[in-house]
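To start, the structure itself, in structure tokens.
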Amino acid sequence: MAAERIYINQLMPGQTVDQVFLVRDKDLRTAKTGALYVVCTLCDRTGVLPARMWQASESIFNSIPVDGFVHVKGRAEDYKGSLQFIIDALRPYPADKVDLAEFTPVTEHDVDQMWADLLEILRDIKNKPLRMLIKKFVEDRQFVDAFKKSPAAMQMHNPFVGGLLEHTLAMARAAKALLPLYPKLNADLVLAGALLHDIGKTAELTSGPSINYTDRGRLVGHITIGAIWVSEKAAEIAEETSEPFPQRTLDLLQHIILSHHGVHEYGSPKLPAIPEAFFIHYLDNLDAKMYMTTSAIENDPDTKATFTTFLRQLDTQVYKLSSELD
Amino acid sequence: MAAERIYINQLMPGQTVDQVFLVRDKDLRTAKTGALYVVCTLCDRTGVLPARMWQASESIFNSIPVDGFVHVKGRAEDYKGSLQFIIDALRPYPADKVDLAEFTPVTEHDVDQMWADLLEILRDIKNKPLRMLIKKFVEDRQFVDAFKKSPAAMQMHNPFVGGLLEHTLAMARAAKALLPLYPKLNADLVLAGALLHDIGKTAELTSGPSINYTDRGRLVGHITIGAIWVSEKAAEIAEETSEPFPQRTLDLLQHIILSHHGVHEYGSPKLPAIPEAFFIHYLDNLDAKMYMTTSAIENDPDTKATFTTFLRQLDTQVYKLSSELD
Amino acid sequence: MAAERIYINQLMPGQTVDQVFLVRDKDLRTAKTGALYVVCTLCDRTGVLPARMWQASESIFNSIPVDGFVHVKGRAEDYKGSLQFIIDALRPYPADKVDLAEFTPVTEHDVDQMWADLLEILRDIKNKPLRMLIKKFVEDRQFVDAFKKSPAAMQMHNPFVGGLLEHTLAMARAAKALLPLYPKLNADLVLAGALLHDIGKTAELTSGPSINYTDRGRLVGHITIGAIWVSEKAAEIAEETSEPFPQRTLDLLQHIILSHHGVHEYGSPKLPAIPEAFFIHYLDNLDAKMYMTTSAIENDPDTKATFTTFLRQLDTQVYKLSSELD
Amino acid sequence: MAAERIYINQLMPGQTVDQVFLVRDKDLRTAKTGALYVVCTLCDRTGVLPARMWQASESIFNSIPVDGFVHVKGRAEDYKGSLQFIIDALRPYPADKVDLAEFTPVTEHDVDQMWADLLEILRDIKNKPLRMLIKKFVEDRQFVDAFKKSPAAMQMHNPFVGGLLEHTLAMARAAKALLPLYPKLNADLVLAGALLHDIGKTAELTSGPSINYTDRGRLVGHITIGAIWVSEKAAEIAEETSEPFPQRTLDLLQHIILSHHGVHEYGSPKLPAIPEAFFIHYLDNLDAKMYMTTSAIENDPDTKATFTTFLRQLDTQVYKLSSELD
Amino acid sequence: MAAERIYINQLMPGQTVDQVFLVRDKDLRTAKTGALYVVCTLCDRTGVLPARMWQASESIFNSIPVDGFVHVKGRAEDYKGSLQFIIDALRPYPADKVDLAEFTPVTEHDVDQMWADLLEILRDIKNKPLRMLIKKFVEDRQFVDAFKKSPAAMQMHNPFVGGLLEHTLAMARAAKALLPLYPKLNADLVLAGALLHDIGKTAELTSGPSINYTDRGRLVGHITIGAIWVSEKAAEIAEETSEPFPQRTLDLLQHIILSHHGVHEYGSPKLPAIPEAFFIHYLDNLDAKMYMTTSAIENDPDTKATFTTFLRQLDTQVYKLSSELD
Amino acid sequence: MAAERIYINQLMPGQTVDQVFLVRDKDLRTAKTGALYVVCTLCDRTGVLPARMWQASESIFNSIPVDGFVHVKGRAEDYKGSLQFIIDALRPYPADKVDLAEFTPVTEHDVDQMWADLLEILRDIKNKPLRMLIKKFVEDRQFVDAFKKSPAAMQMHNPFVGGLLEHTLAMARAAKALLPLYPKLNADLVLAGALLHDIGKTAELTSGPSINYTDRGRLVGHITIGAIWVSEKAAEIAEETSEPFPQRTLDLLQHIILSHHGVHEYGSPKLPAIPEAFFIHYLDNLDAKMYMTTSAIENDPDTKATFTTFLRQLDTQVYKLSSELD
């Protein structure tokens, strides 16, 4: 492999390449002539690249690992205005020899620092059962690993490795900043809710190499998964302490998770029914919208237009110059 | 207590009564004169009776058990066209000495027979993990006791003790009758779904003496509770067998529970995404609507009208004479 | 014509063909050079095939019968990844010499057997006016012919010749299976409703050679057409018997037809207001959804994916492995 | 009967009355004492009057004709702030001896003049099949009688005898005034649509003595009834002329009837799909809203308020002073 | 007038009163006997009191100032479980002699302090045109007086004198707290939007003595009024500076005002299309919901219930014990 | 430039062109080879033409005026079935030397005659403040110029220069024709509303050369802009007459503007609350729908189809033969 990786967003038509890519999907097709060829999607952290390998065989096809890596040789070409890659040779490449960061989009922030900052904020929680519950999650190594890697969404907001942590920390910070203004709220419940509201995302989405919904994500969904996990941790505590975990505390935490989408239409089986649930719902929505609007402005391809293209998730076009007043 | 109970729906103004009632709620009020009086609701299985006890005291008030029983002496009178009961004397009555069936509306069917019939149908299930899971529920004594008692809903359909079993059995029977017509369906999944779709109702509603939502019911809801319990039972099996419970089977069962209301608006966090989930959704809806329409026709107070009053839950008035063709 | 027909789904690029096709539509266009050419769609029961005939004339164009047949010689070629047919020669072909079954998608079941099965079920009807009304339809040869051929829908479910009968029989069978569980229902009304709920489809859709909406279908719709026909048959009976057809029976039958889509949004001018109308509505919906989900699973082109593509009519992707539990 | 009728809106508490009323409904009830009494609603064209007859018998009850007339003696009294009538004596009164105009709310306009004006406008129709069809309705004596009497709605607009004619004439006049501005429209179709769009109301509503929905109205509805009648008349013409009635003309007329509510939510099984159907829909809506707003302003009881009470059918309060500019 | 005012929420049946009340509305009615009597509503800052004056005359009636004050003598009594006041004597009372604070519900906070705090926050704004615009409002004495008095809403949230300022300050504080977390936002625009988003409320609602919609409020609404005022102030600045006010700045400010309800359904003619508009929308919603939930919890009359009654504006019942974890 | 202009809808592949076009947008792109090329859209009043100029430079790119004119030499060619223009040479062309009518779609009617007709109708207004207000607009030269040029919409109806005037005149005529039938309406308010309801369109849309939304149009919208302008003109009158403009008249006019879309969903911040606002709303809707349906019929490309393609704005396909009855 060449000393320096050529990222997909740098690739030019005509360029030859001899390096490793992540494979997102593959298909074996029969050409009209009866010959077999492979169609697949290569990716790295900067984008995706449609590729074809002519004159392939079933055994070559079978050797390609979906969501795994391949070392390819070949050449980029222009096909109907888009880049396409023609694979001349291909072999599977061991996942443990790649630097995952080259292949999967990741947060720009320091994950460990974010995690430390989040823990710092959670230290404000005083209620003992809540502290125990959070400790259960924080000490669950497998959970924390997944949590640090998980994206916050497929596409809507923070759709990259570490996105869930980024979004969760943003909400915890916003909660910490606003709670002094709303002293009637149960701050412990709000902070615990900020941490837990989206934990099910770690099972709803894959965190790479490529980001996608899991079957469990589509069939059950992060809202219910999160509620189930809270029940499980509470049961563990009950077993360890030989005392029932306080039911009301459990109910309220689960209520916040279940209602945080705010309306049934977006998959919440319950509507917010406590001030803390409304609070989480609005902070969640606010943080997501701030990501969606500012990233739409930054990434809009048409630099001359004053509005972005129509964004279905916001039901509007976004005006791009609000930060530039005369 | 008199030899023969006078039920609330038999009571006439002027009648004196000396017997036990269930208390649904109570309130201590201060009259304009400063005197204290008690306002409460008495019930039996045939209805509810507003009652007042003048010249009460705080200690009398405190002695009244909400959702418990009192022996009262007093007199029914007509108050603005409705019956009201004036309590002359009152004392708490031990719950273990009453025949609950006199106080709580119950199914007209034999609960044990229904349970046996349901088990008989479930015997058709062949898939081993599903059989083990159902066995876990069937052998959970506390669960079965609650399940046999639970109403199916507060008001919408089968709102009485045993209503959940009645509705579940009706669905299992309908499934058994229709499954031969749809051989592509996974019959095991359908039958397991019929049993489990509403089990969370046993924690969402009290099953008496009076029927009401629990706090957990309002905050978390039967759909999520049911999904959590299925996870818990699967975890028990995994522990006992030292093998993970098959994830796909667990996901599909929870999916059926989560999606059985069919649309987000009615509290389903997921829409049906497998044939079996659509099947359960329509059978559930069909059975509920059959109950709602036929009971609306039977109970409509205006015997001369050809239509019932407007029924909000059906968004229509129901025509009462469809079974009487010329 | 060759001894063995080559069906569209078997055709390969480069293959020459000399056989009959059904023509779905045609267009005469002027090339940039001023020359005329024909664009048309050929079909058989396995699919559709875009075709072009260069160097055509107005008289050739006029000779092509839309919804009729042509014998063509020509050659299949690959055009931008899809198959396209280049017509070298073309002449109209008499419709009475083709085997329609080669050109129009049809039910896989035996139409006459299905019709006999349906009549058998309808024999359960005891109410005399309903029997007379059904007899009127059953003895209306033109109606029965159309009914046996009609598809159940353009695309949603059972979109092929005989699909209406297939769907109607499925509903009648489901009704027969479930009616014993709901003895309060008027079984006669349910069975008559099962037969009649969609009869207007025979005038809303063409039943071939190609399947399409009729103008009357779009302007008036099968729901109203069905209600009108029931009125007409009742009037015939009244004339023949010199007695008015019972008004209530007529009203109820028409009500079932009018309300069977369940909600206004889907074109029902009336919401279900009798148990029998709810019953027909749910069985109709159930049967349609069973078709839609199972055929989506069976026909999904991506054999490796666990979910089908997004299906607008179901507002979801369908999981394809629910019938394969571990 | 007294020389001068005392209308219900003139009646004062304490006044004794000895005259005929229309009976809208009746009920026989058992007092708490076991005695029977009658509850009924008396009406005349100015309003309704709740009445009770104490110490009644079943035979008295049976003698009261619902939607018929009774001669009563009795006395008005104040009951909880409303007027109530106590019947001392009562006997049925022959309907053919009353002046219906005293009992049923009626249009303030001359019915025959309105009918003549409507026919005059319809004379503009030039298309022969449409002329024949309209002639069929105009010469159907029973239809014309019903049409002249029918209200346009229960409550929404023109809810009085003659209201349908009043509304139909208003629409025909508006169409005649606007058609010159929209010359691309098929004026014949518009005028025929104006006449026919609501004819089903004559079977959906009773036209007195009291105004109410019929069972057929609730189960089938005026939209479908109107479409059926147009089919029937077209069939009669076809039989008389031995030529099929032009299908397209029939389809378009029925389409206008079916789509005139404009959206599915208000019971239209089809949305407008021709300019003429949109035209009828908006004129219909406009005329209804003009009635609703101006009559709400005129009848608002609170003369000091600048807004009427909230009107559910308009989803707003109406400002009452728009006609009084400074 | 007695040394010590008896507030309405302290009044007991039987108590005689001789003091001043605010009159919210009045009506002159004719008793069944023909005698005239007055029905009116008296209020003070703690509530409203239905009152009647028997044996009144037209001149007495005319002397009562709606939204003005009367000195009354009379007696409270219990009428069907509610308090009613019987007026024995009554005379108008000059508005300039009352302490308004006794009659109109007012914020519990110090209005001048809140205003000062708000101005302090606005000092952060750096953009010059925005500073000038805000200065225009701040120096408009009439505006500031109205702004300090205005309620934030009729009933939904902060429905008392000073409520608008309270709500505006809360939003400005929340914005100041959160803006550091969202550095990509235009902080000046956010702070100006926080101040201006609801200014139209000062013309939409009366600020006392009683709180009500104005005609202009109902016909035009606070959203449009606010946008108009911003245009007016910008025009004044343009005139004074002889330079056009920067159009983009004006557009963006008006956009924030127009879109702050977030969806069309709640009266926003534009949806948020800049990050700052989303920001204002969510903070506005959050602050309103915090008021609504916490005040619903605090004011719920049933101290034993764990849930409040159903709150239409929140589409739910609120659980009252979220601040009391075990 | 050639003697005779070749319009875009006449252009054939292969044709060379040497003439002026309007430029709607432009983009400078880097080919895969690194060379720069220009992509732009040329237009004239008959359509738009995608164009490319290979081997361009930044200085050429910068010389192209968006919304201005260029003289180009080049050649039309067929690209994937559509016409594309290859620019060989290009130079900016002064806007004052072109005949705008060649480049921008315009009304087919005489603008000055329409304006005169509109003024003639407005002469019926008798209320003095309304006359003064309208005079203010009519004498505002800049406004009148813009009003005469403005389209009525981007695409929905009358999307061409002069379209707003055409639509406004049509509404004024319809109002004049219908007002005699609704004598209870305030005719002055209706006519003023007809003139003013859409005036904000002149600032919401550009009136050429190309038609597009302005930033102010997207951020603020024509409804609010119209309301603001009415306030401004009223303020001018107040200043000139030293008398406040009558508030109620101002409120009502603004109410009509604000509510004329009829429902919140379409951007009306207020629902119609006076008969005159309903009247304007329905006439506006009627005129727009007449344009949309008849122009869809006239412009449908498929001359053999009986229905147009699906029209999203009408939620239906339109039947094209309603004007051709048998």
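Order of writing sets the chain letters: A, B, C, D, E and F. Residues in each chain are counted from 1.
In this text, a residue touches a chain if its C-beta (ideal position, glycine included) is under 8 Å from a C-beta of that chain, and two chains touch if they have at least 3 such contacts.
Treat the numbers as computed from the prediction; the structure is a model and nothing was measured.
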Partner chains shared by subunit C and subunit F (touch criterion as defined above): A, D
Repeat of the C-F interface, chosen from A-B, A-E or A-F (over half of contact pairs identical by residue number): A-F
Pair of chains joined by more contacts [C-beta pairs], D-E or A-B: A-B
Rotation angle superposing subunit A onto its copy subunit C by C-alpha atoms, nearest 5 degrees: 120
Farthest chain relative to subunit E (centres taken as mean CA coordinates): C
Chain centre separation (subunit C, subunit E; CA means) in Å: 61
Whole-Å separation of chain centres (CA-atom averages), subunit C against subunit D: 41
Distance between chain centroids, defined by C-alpha means - subunit D, subunit F (Å): 43
In subunit E, residues with contacts to at least two other chains: 215, 218-219, 248, 252, 255, 273, 307, 317, 319
Interchain pairs in contact, sorted by label: A-B, A-C, A-E, A-F, B-C, B-D, B-E, C-D, C-F, D-E, D-F, E-F
Residues on subunit A engaged by subunit B in the complex (per definition of touch): 215-216, 218-221, 223-224, 227-228, 231-232, 235, 247-248, 251-252, 254-255, 258, 264-270, 273
Residue numbers on subunit D that touch subunit E, as the complex places them: 12-14, 78, 306-307, 317, 319
In the complex with subunit E, residue positions of subunit A that touch it: 127, 129-130, 170, 173-174, 177-178, 180-182, 184-186, 188-189, 246, 248-249, 252, 255, 271-276, 278-279, 282-283, 285-286, 289-290, 293-294, 297, 307, 314-319, 321-326
Complex contact set, residues of subunit B against subunit E: 27, 32-33, 215, 218-219
